[in-house]
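When the chains are written out, they are named A, B, C and D in that same order, and each has its own residue count from 1.
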């Protein structure tokens, strides 16, 4: 019974309409059952891009849509590998289609542990969405685990090990996590579509066609070099233009301070300022279960923030208002040379009546757009290998000027955030006019300057 | 001071990136201030298509995005009218650009009174989003009203009257509400984009170009007949394919029954089954304020449903589970001829152990894709008029076979909804096998049949 | 050797980049060899839409691009049929993949006999592109035939019979020619793309997915009804908006008269007025070989027209100028009621100094957007059949209001064409002022009227 | 009369449907009249990308479509400049709308002197499309000149001087020719659309919005840096992927050799091998008039090549066949290190029976994707300047890593071309087997290698 489940195909494949891939094809009963679990359906209530929709209002798509997209790209890779590079004998470095189901499940579930406003939330409450993903997959309390267990008793651990990159077959691992994987390819295309920018577009069909399994993972035919290059550049541009947008980061700063303030109030016994927001209490305590974690989503947090708007704690209510009603902080770029000025600026903000712990922040957003292998790094990345006609591999940045230009270099900037009020220009009328005026003398061309 | 506000333009126009219109151009300080009100920002937390994302997973866009889109189309119409058909003297039937601001504000705010899961919610709690729109605009307690009042003391009422169609200038009214208005044009394009279907696409640029103001409203140059025809057909197809989708309607049925059950429990004193969901209590009571109304959004309701999953009331918890975790009812088409069978089917559902009040429903979704003027109808529609070279008007369905084919005819169907369990095929193993079997004998080709 | 050729697959499939289908996949050596024949390469020099680019300037695509597109859609249908409906035993009405190669070749070659400005050319010179297609395929003088013969001696005839609809397997025939076939689906999407209109778009992926082979040909799953409906409506709209465009037809009228005049001059011994345009002489004579036919393409004709601009024959040179330099005739719609006025109008044109045989024309463009089977018609069409869950077929217009509305009705109009000069408004200055004035009194709202 | 012509606007603006810009808006009578000249209409018969359609079959668009596209982008720039940066007084560095007409005419006509297969043709016959553009504009024999003269007697020279970059207003010059001008922006988008690749896409709307006139030309607001960067990268990728495609270059090599052979035959008195291709004779002679030049287009040349397929000269007929029927040469990359091997390879080709003058070639395609100002270069480029909030300018590559990476570096490669036969693998069967075999020993991974 159970052993059959692994191979149980739907009598008619089911399709989901998807703006990125046109249709998503569900063929295994296992995949359909996983989608129907409550842990997976919960992803409908968590936005893929957190607060980015405050800047790009179309970016309201959920992690659910991204997860089925990653599944679909992985399914396509398996189809192409099986058609073009089927393994004939063990160890020939080609594709063994028995790996398909574990790859598809890992693709579908790779983000199942994400919570509401993941990155900010994790920062304040020390949760970890990757650990939660593993726990959802392997804990006997989840519906996801129950489905996977029906395939085989050790199947949940197998799926988890793919996501954790410890699965022995590097082809399966690299499909889901590498510098050019189903995850990244889906989110670039999807975020690009929903934000309405076109920076993230690249030729997915071509990249899939030039993928080639080999003994150490997945390589790319040299003829597809430009398509791969274009993908790397697109990714770089999405980071520059969308993911590192200063206003998004400003909203995240407010969210972070809001949660920090709530935790502070709880820790200091001022629960009356927090109202009936008890689903957060385990996190304030630092002691939560999987079940506690799964109860949270964007809607729950937002409804708490809505309550906090009426809190007696002025900082909490003000930050909740700024967050929900989109009143971002302003920011300027900070460099090595000007970082020493930050205490001065913080003091000016405090002088203008703002608690500088909650009303200022520095935040750096950096990313490596692409990196080659470096033995010294503790968390090294799988570099992108191109396969020549004669079978030899060449690392991407060796043949692409554009990729070489951004390879191994961090991109992004460090910014100082402060209340919009500090840029007020109606100085004559205001009590804090001179303070504002001095503060502004440090700002020029979106950058912090020495006077 | 106040009189200036009306004409206060932003020093640099602001743009919002939008996947449908590419950019949305904010030029008036008034419009920027309206967008920044809490009532308008709240629209970010209400999905445009309610539960349609359970079928078309991309359709997670909010009423915020639609509202700014309607604004943008209206802005474009004003620009074209002002460039091509500026009024030279009172009564010449051309465009008076003094109407621009009232048109833009009405466009932006036309949906500001929508609440979470509007249509279902209204059905159960007798709220009315159109009245709420008016109230938000005219009540002195709203931020929206405060902004509008700064333009002129009677400006809020003017804006409201456009939305209520009582504003004297028919051109302004028809921009926002007619059979081919900025509202419909935006939602067709937007819903089409986010669902990933292409039924709703039509040539917006061309339709805008052939719009012509005249004394009784807005007509369309005869040369644009086919573009207008294509819009009507697109709208018809979106209704058939997306808005009337049986699975969406099934989820709505579950939502409706869930809210009905909660109200029943409240009314019968079983508030302990409802948990701390007190923001809904005024609605259970049937006595709510604007402030109560504005506290609700999709996230608040969803977080309540999440609590209800653990309710002691089995019906409430089961329906909440079916809703949140997407377990739609099944349905069949019902016709005049087979409607008499519904009591029999309901009885079978009850026999199988389901409370038929909460586990069955009939639901009809009908719409008039296009209608011509009919004096007998109490809520008649503005028909679409095409202007010939000699200035004479011809009603659209007179010259378009396609439009004539669907004009004045309701489209849609009536369906009977029931739990998926009733279609179970593993009859031998189940207690209710024979009941299921009899039930299924009434179903064929997605339709209710006589045996 | 020869027998192998049929199954010879390319070691690596070749792809052609295509804006409509993204990539076109060439897998058989036979297909690659056919594309490389001179008869097929010649299609690069013949525009798909004849003169439509004079109205929609982007529509400069050739019959080559369309032909590979039809091939690609057919290939996709074969893949889907083979995966989902493979025949198990003779006569089960499912797909026999041995038919794949004949289907692919027929798809690729279905238009190979088209000549320059086909429809107009055929009208004047009594050529027939369908007969030429058969001849190219079956004549031993063509490279196409040489390739096909390598598959099997009777293979050319088989391929030709598919295109002529006499091939015994109705599934293969209907793939290439029916009311919803690979040919039409490609040209609607392609013409829509290159003209830059969006009327011709429909959901190709979905239509392909719901296609089902059965014993009498190809049916469509009922679940795809709306996609099929949308295709029919799109086709109708492309005819109305693009293919029947009055200005294109006017250019065709000029082209037709230009060729007629050249033939007249030749027949009357005035070859000196024609210059060295001898590739046309066999056609003037009405006695041409396949080789003569294949020497003509758009470029050859255009270069002749270019010479004719300097001809001593004033009519020839004027019409050549009007054609090459885009000086279309004007036109008005003619109805049953006003057709009797045409002699009067022709006389006025003659009075104004134009030879009315060459400077006026009536032209009707009519099409049946969709038709059901009718035994009385001599050239009846294959109606579109939808398959219900229980296997019964329903004809499309029975379930679609929109299709019923345009089914069996001709669409299009009859127009009278005349020189633009007749609409001159500077009457005072011109000799023919009063004639122009009288002529114009018959025209109103783009229509011929009784005074 | 004449003076009015300059300001004569069309009573209703005319629109051309365009796949790239949706609509192209014609507002001035002058522009409409220019489009209707025979010199401009002739551009319909000259493909924008020469032979690229042999690789990307969709790329069949003409220079006509590109020319109206450049006009449209220029029109949009003028509109934005006039709305946002109208000059208030002479010398303020802002936009003077009196420059609009000269800018629009120059944009429309900038490529009017292109001939059939321009670059190759020029190489063999020492024509120059830029000089021909000037001549068409300024010669009193052209219809274009007649239209322009109606504006003002010196207007033709003004328009020509814009194209020649000697016009005094640098804003007008840079609109049409600079590193980011209407010409390049249109062709990248257009070539990308018609080839079906997406490398050339960038955010045109955003780039237009951030353009700012200043005293020395056109700068870009710093906020648009990423959009400009994306444009430069897109351009680089189009060169790498489309414009430098080895197969296109191979077809150009064949074309070049074909024309060279024809000229050789003519010069050596073998006109009988050339047939009645007398429109080329003035070019063989090196003595041609404007009128001779305007008689040529792609169709004329192709029809000559078609005749040459039957020539008694074997080289001419073979090259004509290879060109028309798409039989490209093969090629390998050549480096500094391996260039010394070319004589050896040429000799092997000759030994295999091919005239190496006509059957081999080296061809390098190099381009500077972006360049900064360098006083040493004789043909220096206008660098791209970004304007900061405080008005100071920064050159693009100073702030963009990606642009810096490709700035000032030539991209492209040098290749050696030879007949496909040299790569034959059926060596045993062939007379030249050993020669082929030795030849092939120099080729590896698409590159010329030392053995």
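We take it that contacts are C-beta pairs under 8 Å (C-beta built on N, C-alpha and C of every residue); 3 or more make two chains touch, one makes a residue touch a chain.
Chain identities (UniProt): A, B, C, D = Hydrolase.
Quick caveat: nothing in here was measured; it's all calculated off a predicted structure.
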Checklist outcome for this item: In terms of mean CA position, the chain most removed from chain D is B
Next on the checklist: Going by the touch criterion at the top, tell me which pair is linked by more C-beta contacts: A-B or A-C.
Outcome noted: A-B
Checklist outcome for this item: Expressed in whole Å, how far the mean CA point of chain A lies from that of chain C is 51
Next on the checklist: Report the inter-centroid distance (CA atoms only) between chain A and chain D in whole Å.
Outcome noted: 43
Checklist entry - Between chain A and chain B, what is the separation of their C-alpha centroids in Å? => result 32
Item to check | Overlap residues in chain A, where contacts from two or more other chains coincide | outcome: 22, 197
Item to check | chain D-touching residues of chain C, taken from the complex the two chains share | outcome: 16-20, 22, 36-38, 41, 44-45, 53-58, 60-62, 64-65, 68, 193-197, 276, 295, 297-300, 302-303, 306, 321, 324-327
Checklist entry - For chain B, which residues count as touching chain C in their complex? => result 197-199, 201-203, 222, 226, 229-230, 233, 236-237, 240-241, 388-390, 401-402, 404-406, 409, 411, 444-446
Checklist entry - Within the complex, which stretch of chain A touches chain C? => result 15, 22-23, 205-206, 209
